[in-house]
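Please find the structures below.
One chain, chain A, appears in both complexes that follow, with chain B as partner in the first and chain C in the second.
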Partner chain A sequence: MGYVAIKGGGNAIAGAAAATEFLRTNQSLHDAAAQPLAINAVGHQLCRLVDRIVSEGGVYHPTYAALAIKQSLGDALEAAFALRAWRSTMPRLTATPVLDTSRMRLIRRISSAFKDIPGGQMLGSTPDYALRMLRMELLDESPEIFRAFARDWLKGFADDVDADLPDSFPKVMDALRAEGLLPPVDKDRIREAFDITREPLVFPVPRSAALATMARAETGSLLAMAYTNMRGYGDIHPTVAELRVGYLPLLLPHPVTGELAEIGEALITECEVLAMYGADDNGGIPTFGIGYGACFGHNEVKAISMAILDRALQKGMKDGPSNPSEDPEFVLLHVDGIESMGFASHYKMPHYVTFQSDLDRLRTTQSKAGASQ
Partner chain B sequence: MSPHAGYNFGFLDEYAKKEIRRAILKAISIPGYQVPYASREMPMGRGFGTGGLQLTLALIGADDVLKVIDQGSDDSVNAVNLRRFIEMTCPGVSTTTRTQDATLIQSRHRIPELPLTARQILVLQVPYPDALVVVEASEEKRKTMHGEADYSRLLVKLYEDIVKFNEITISHRYPTRINGHYVIDPSPIPRWDVPELDHSAALILFGAGREKKIYAVPPYTKAQPLAFDDVPFRVEDFRDEQGRRRGCHRCGCTNSFLDEFTDSSGKKLYQCSDSDWCDGQRRSPRE
Partner chain C sequence: MAMIERKDCIRALTAHPTTTLAALADELSSGCEVRWTRLPQAGLGLLRLSDGAFHEPYYLGEFPLSVCGVELIDGEGRRAAGAAQVMADDAALARALAILDGVLAARFAGWERIAVLIEAGVSLRAEEDRRRRIMLASTRVDFALLSSDENAGDADED
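The block that comes next holds the complex of A and B.
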């Protein structure tokens, strides 16, 4: 009987959880040496996935991100969701002052606007020029070679290599601004950032709310929105002034002295794009438009997408949107992975009552249509 | 370590609960107005009742008796899941399946058949908080329309339905005007339940987690489904081909909302959607 299907819901839920746990552990049935996946191994060998999860989860906790990846069997949407749900129970204790990204401990930095930039281009780790050919030797990797590579690679550097590094790298944008090619910074407009975890988005929203929403957006959703603008539903035509990846020192006032003290660092990706100039509304000289993207972790496609959308949204907020990617509601209410995946999943829940209601309407309408024919 | 170690009573931190309670007070003060709130992520999917759940968790105290239903049933997987989560994170709270024993009822898609009382609060889970979304996609524009009580485009939609189909085709989520001003989406309850909103003795709260809105129909407040003088609002029709009202195959009740389904022999069956009501009718049909 149909009614029985929704009886015993508790057992069904417990059974589903057990079936998932079996999937996670059943390797041990045909591989006696099977080990549970070490959180440390996820953190190191799947670091790009961890980067994505800290970014979409909206909290910089690489260890819990790795845990979320492990317990969700590598489902990125689910992992970001679990981390975000943990985050949402944490009280907000304080906020840092505006942090200076020129002080980042860089692991990578490029500009596509200039051949050379003050401080130098630094390719770092990137798949950009890698040949995407499957590395068959990794199918059965030798642990000895695995360990030897890291050790030998470091031997290629002098012991005091850190000593030669400068404390900061100048921003490409600063040089352009000094030349008058960018709009001047309006110091009066620097105000407290909008906290999307404590306030709902009520449109129109300030730019900081848009940036915060995009910083924890689902990577694929953000990319798709930005790609519409890149392809033709928009005309940002960006040039990457600078893309940098590195560890940003986090500063807080010392509880006793009040002086700013470094309390740690977070791996972030930052991207600044220049957009083709338009006429200045106030009759001033035209300048390049700027788009800004930044997020936790090493997520370059996300940071670039965000920078393009920031530019598009600024344009839409000023002139009214002429494309979907310039419409703040369209972009900001549809890029959060936790919200969109939750709602897509909810269609699997019972809808007997509403469907009964739909049946009533269709049958009544059909019988009226039949009677009048 | 227990699975809920390290979490506050009611899962949410106290700041979050306070914010929600303030939003509830505002919602009661302006009947039908959608109050925006931050809406925390919950450990179940957006769309599974996170808005209703946040209301419940912000309101519940150790002396409350909670009932959770989904599609009218206490045993539906989602109802079980929500109840289990609340039991886990609110130690000391009692739960029940009996409508009359509950002080707090969280529901998806149904209002219980048994009339609610002044000492009860009903929390409804809401996927789409704004009745105007069917005619206007932009939230910014809808906000202005609500402020001006401009529901002309919604009425035109109803009128066009009548022109095209000789019938208003809205099956559930029927737009309902509260206290003569704001039109609400009363959540995906069937039309059958809409009259229960009008002058309800119980406080009825609506929580949309994903869309981050809270609204209310306060006790003894006017709630009128949109209709025309010559085309009145109508609830679902459960009459058979001979015009007789169908009854529940299990308890025989002929004045409850029915679910239809087909048994393994291919026969169509009708049964009360409200499982507690159905059980009550079987115990004492005249209750």
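The block that comes next holds the complex of A and C.
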């Protein structure tokens, strides 16, 4: 903090905190029935925002994410910052064994590659095919109608409505790999995962570091990077093989029996994309390029963006980057919301000494330039 | 009473309020000596996943985790080992679940009450699972390809 050469301001800083709290509570001045936001209501009715915060904060705690949203007045970057700050105070107790997502309790599953996929496509909850029109009736929503909808919706289904659904769904990628259309899984390439919370990114980094970094990246940043590739600064041309949203059972060995036991579940979004096919390095038959994205919460734009960037970065790591989205340093060092927001915000801090230096140099340069004219 | 496997008990029990679990654990352990084999602690776990493209392990992120281990010794000198790991920032919950785990595993006095809670928890979770499956079943889609038939696309409509 060497360049924040100031002291004092304690009363003003405390006043700023109080003014923020006034903003949060001043509805009560105009509305005698005003109520503080219930954390549970934030968690349910703003669940997509909560999903972003758990993902960008890097820790799956929807309740604390809702709290962070409430205390930050809905500022997503500040909320993610608060959640990540909380995680930094907690001890790391263990890591799960390597889990796969084949037993996810799905709530949505689609493919844009195939009309018919084993197990079928289910839209689940999505705005994809909805008109983006404001629902004016929600301006003054009836609590009775609000409470009745979920109950009535469930009543509308027969008891056996889900009878023909399988317990788990095969992955589209597995079917394509079985047909020889994808690169084979190289067991020699599988190594210990890189922990970005304990190790700095020193390039080149393994793919697991890239995946972990993107999994907790800021959604908009990741989208912007991927969008450069989509629009023309890249040639991934992705097709979504499968996009899944669901609850992943988290398993740890039971401390007494050693048997894997479910300790809870996390909502995650997972996406696999197929990219342009290419020749095999070893002279084998050509196969599709593939990319993978996943994140905590329901956040499809983030998972798709990550999958595109995963593929772009694979290409850049192999052949050298030919555009920004293929450059690991360019992508991975600039997508974290907390870091980038922190850097942007620090410009608001007093820089009186450094700017005084700039002023002195400019005046000196001007006077020298004036003297020479 | 249908019992589920020990590995599935946490999911069933955590369908109930924490206060219910803590009260039952306190009651059932009141006649036992409780020794810590692992102190109740709240912290974080790291989720390690296999990626869907190349099956490489990577870390998706962290999750709250509370742990506890106990040894219970009842009035007759019988011993039971119990332990719990639960996805929560709540060491007291882990303590309650570890006690319930030990009581149930050793069939100490009152274990039937835990079994009843588990059975109810299984039902609550099954209802939750069903709501999710309804979201899937009610939105199953079979898009039709464009063809010369101008009504194509409505084939899956009622």
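We adopt the following convention: the second predicted complex is superposed on the first by the 357 of 373 C-alpha atoms of A that agree within 3 Å, B and C clash if a C-alpha of one lies under 4 Å from a C-alpha of the other, contacts with A are read in each partner's own complex, and residues count from 1 in each chain.
Just so we're on the same page, a contact is a pair of C-beta atoms (placed from the backbone, for glycine too) under 8 Å apart; a residue touches a chain by one contact, two chains touch by 3 or more.
The shown structure was predicted, so the numbers you read here are calculated from the model rather than taken from an experiment.
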Combined model on chain A where chain B meets chain C, clash or fit: fit
Contacts of A:61 with chain B and chain C, given as first, second, both or neither: second
Partner chain(s) touched by A:197 [first = chain B, second = chain C, both, neither]: both
First (chain B), second (chain C), both or neither touched by A:212: second
Chain B versus chain C as contact partner of A:91, first or second or both or neither: both
Which partner, chain B or chain C, touches more chain A residues: C
Overlay on chain A, chain C to chain B nearest C-alpha distance, Å: 10
Chain B and chain C footprints on chain A, overlapping residues: 87, 90-92, 196-197
Footprint of chain B on chain A - complex, ascending: 1-3, 6-10, 12-13, 81-82, 84-85, 87-92, 196-204, 329, 333, 338-339, 341-347, 349-354, 356-361, 364-365, 368-369, 372
Residue ranges of chain C in contact with chain A within the complex: 5-11, 14, 38, 41-65, 67, 69, 81-83, 85-89, 101, 105, 129-143, 145
Chain C-facing residues of chain A, complex: 54-55, 58-61, 64, 87, 90-101, 105-110, 115-116, 120-125, 154, 157, 161-162, 164-165, 171, 173, 183, 185-186, 189-197, 207-208, 211-212, 215-216, 242, 246-247, 249-250, 252, 254-257, 259-266, 268, 270, 272, 290-292, 294-296, 310
Chain B - residues contacting chain A, complex: 7-8, 11-13, 15-16, 19, 36-43, 45-48, 50, 70-73, 75-81, 84, 109-110, 127, 137-140, 143, 165-167, 169-173, 188-192, 210, 212-213, 236-237, 250, 257-264, 269, 271, 273
